[in-house]
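Only one structure is covered here, and it is reproduced in the block below.
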Amino acid sequence: MITDIELAKTIIAKRIAKELRDGQLVNLGIGLPTMVANYVPENITVTFQSENGMVMMGPVPEKGKENMDITNAGGQPVTVLPGGAFFDSSMSFALIRGGHVDITVLGTLEVDQEGNIANWVIPGKKVPGMGGAMDLVTGAKKVIVASLHTEKGRSKILKKCTLPLTAKHEVNLIVTELAVMEVTPEGLVLKEINKDTTVNEVISLTDADLIIHKDLKTMGI
Amino acid sequence: MKKVVDKNELRHLLKDGISIMFGGFMACGTPQGLVDLLLEMNVKDLTLICNDAGFPDRGIGKLIVNKQVKKLITSHIGLNPEAGKQMNEGTLEVLLVPQGTLAEQIRAEGSGIGGFLTPTGVGTSVETGKQKMTIDGKEYLLEMPMRADFAMLRGSITDTDGNIYYKGTTRNFNPLMALAADTVIVETEELVERGQIKPEDVMTLGVLVRYIVKEEKK
Amino acid sequence: MITDIELAKTIIAKRIAKELRDGQLVNLGIGLPTMVANYVPENITVTFQSENGMVMMGPVPEKGKENMDITNAGGQPVTVLPGGAFFDSSMSFALIRGGHVDITVLGTLEVDQEGNIANWVIPGKKVPGMGGAMDLVTGAKKVIVASLHTEKGRSKILKKCTLPLTAKHEVNLIVTELAVMEVTPEGLVLKEINKDTTVNEVISLTDADLIIHKDLKTMGI
Amino acid sequence: MKKVVDKNELRHLLKDGISIMFGGFMACGTPQGLVDLLLEMNVKDLTLICNDAGFPDRGIGKLIVNKQVKKLITSHIGLNPEAGKQMNEGTLEVLLVPQGTLAEQIRAEGSGIGGFLTPTGVGTSVETGKQKMTIDGKEYLLEMPMRADFAMLRGSITDTDGNIYYKGTTRNFNPLMALAADTVIVETEELVERGQIKPEDVMTLGVLVRYIVKEEKK
């Protein structure tokens, strides 16, 4: 187990960054997924898209230099890097739904061994809405879930989602601080584990059934 | 056709029960002066179509806080707790739509498309009440176009003919909504004479716009 | 009868121009319909759209000053007036198909009393293709056919089109050098005739069945 | 990713039987240098998707005259008599599509739309073989998305990342096709460094473009 949550998040972000390939278009969800941008391998160029209508988002501006005409999907002021572009919501979702986004990385409430994901509503409690998540998960070529392995001692990786789904059978890869798991037609395959854990520990902390890859590797971070 | 008007000349158009599409994404690109006009007038029973519920003090969120909205069609209400509260209390009807489907429904209306097939929402509660079609083994939902009485846009630069240029990420839903409402009103940061916007730079055609109001400096 | 074809065309163009209203978006087909632009009433402003992606098309440039990046739907160099705009084909046909074009004026091979129109193919002989005509006729709020009343002695206004249709029941108004006819659920109504003809002459030169409007007027040009 | 290449570096990609979407409207906005490359190579059995058949000596018309095209999907062939002649002789297959439907089919492919409903073509021969649907008493045809192996575009200004700006009426089908093909190639009048095109002015995103060639001065 890794109990330092900040360390756990860094491990997840670093590992996901290794999935990126030169020339790809990538969408990062709010929160932990955003950290992936900090670890892009040096020899490649990827383009990050924000669903409110821009690519090549730059850092948050200095205090006092905010331009409220340039914001991220959360409505917070950001900047744009050279080579960036602004566009309307129709183009933004053409990119997302048309299969032009190579990778979408997002957090979740639940994810399961069939690649189902639930992250937009807790009935009766919290109804933020799906925003662009259903479009992203359905439209992107590769869907990567970035998640802590457990929350309050409970596994986040389930046999079957219990909350209303965001999409069915769309998740490709689940990356936690302990493991890298791939959704396959045969089931959820454990492909890599963190150097500080064991297969048995991962199995004990996972609700989903895991197929252990015959060539199990140590997580590269 | 005279398009540039004082905000107050719009009052006679804005009646209880109208439907309005509001441009903007988390208040960026939302015509705040038109929101304030509706607040001042206390127009009731509004149906609003907007990407999100904004913030309690920014974007369309103020209209929700002031209990002027009967129905909200949107993709996200997470940053305006008042919207969720009114929804749970049953005083605000909220229809949650995937953001891309919402954009496409508005575009479909504006483009004369009678409906379109999308895989977004298949296998989820978004399916409810919708026709499903399978093409080449892939499942789709048939989604319908969406129209409103008014579209309220926020332009960065607008000429007196109504041609609009949007800066930065203020563009978002604005150009789509300009094609999907009976009466299009733009609130503009800057107002210029005809011919001052390069023909390549026009993002919404003036011929679609009926009224232009100048944004008040803060 | 009016035997001077240039005069006939001028009469048609002038009469159609009277249908234009302030603030409208209008598409004019190639040939005779283009002449309508010369007779826009002075007190109104209309915006002409060209389906290759512009509004506010200006006159043909002087010889030697052609810019081949600004052309009309026939690929010929034109200019753009102040307040004009360029856009892509998706936007161009959103305007056309989305009902934003208030009036489309087009010539035809055949038109009939049910409002059917055929102007894109003569099977086995001439197959230019429909271009944007099907979209325009189906999408515009008002469809006006501009046509000589007869061609080689044959009526152009038929009981029933014989050529493959461009669209069914979409024509609203037919303007010839002799008459203005409106397509209604009851049939084709003769509303105006040229001062130099008679109702009997119009009937004799028309294949379609005509309903004579009880308040028949002289064509205003 | 290296995108700027010499025209000749594209030769290995261009094989008999490929399908290509060509931007342009009556040759305005068509990448003439890429047409000429295909002519020089004499690539055969092409399927071309383009607004029109161009002129015999301009646009994609030259490829038809040179008998390199097996199938043409287009809305208009009236200004290239050779297209009509080969069609009548049965050596060129021509699929005529209403211009707006063609644009929408390409956009649908690029936008992940599985099909769309349009009234264009109802009651005409365009109906043939298509599913019809009636919604609120109005008839529609279900039209399908359209894809190609290559999209060949003509940009006015392109940066080294592939971001494209189109001048005047050269834009037409180019931005739509950029989203609907496996490999997108742009021929550009002017080539500039990254950051030289204003973010608001980018009409085709660089990330969609794989190869950039510089147009040869005439």
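Which chain is which? They are A, B, C and D, in the order written, and residues in each are numbered from 1.
By our rule, contacts are C-beta pairs under 8 Å (C-beta built on N, C-alpha and C of every residue); 3 or more make two chains touch, one makes a residue touch a chain.
Just so you know, these numbers come straight off a predicted model, no measurement behind them.
Looking at the partners of chain B and chain C together, the chains they share are D. Farthest chain from chain A (centres taken as the mean of C-alpha atoms): C. Between the Cα centres of chain B and chain D there is a gap of 33 Å. As a whole-number value, the distance joining the C-alpha centres of chain A and chain C reads 55 Å. If you average the Cα atoms of chain C and of chain D, the two centres end up 29 Å apart. In chain A, the positions touching at least two other chains are 54, 80, 86-87, 90, 93, 96-97, 139.
Multi-chain contact residues of chain D (touching two or more other chains) are listed as 104, 107, 111-113, 118-119, 166-168, 171, 199-200.
Taken pairwise by the contact criterion, the protein chains fit none of the simple patterns, being neither a path, a ring, a star nor fully connected. Applying the touch definition to all chain combinations yields A-B, A-D, B-C, B-D, C-D. Interface of chain A with chain B (complex): residues 50-54, 67-71, 73-75, 80, 86-90, 92-93, 96-97, 116, 124, 126-135, 138-139, 164-169.
By the touch rule above, chain D contacts chain B in their complex via residues 104, 108, 111-119, 133, 135, 138, 140, 144, 165-168, 171, 199-201.
Put simply, chain B touches chain C in their complex at residues 1, 107, 109-113, 159, 161, 163, 179, 194-195, 199-200, 202, 205-208. Residues 22-23, 25, 45, 47, 54-56, 80, 82-87, 90, 93-100, 139 of chain C are the ones touching chain B in the complex. Considering their complex, residues 25-29, 51-52, 55, 58-59, 74-79, 84, 87-88, 94, 96, 98-101, 103-104, 107, 118-126, 156, 166-176, 203 of chain B touch chain A.
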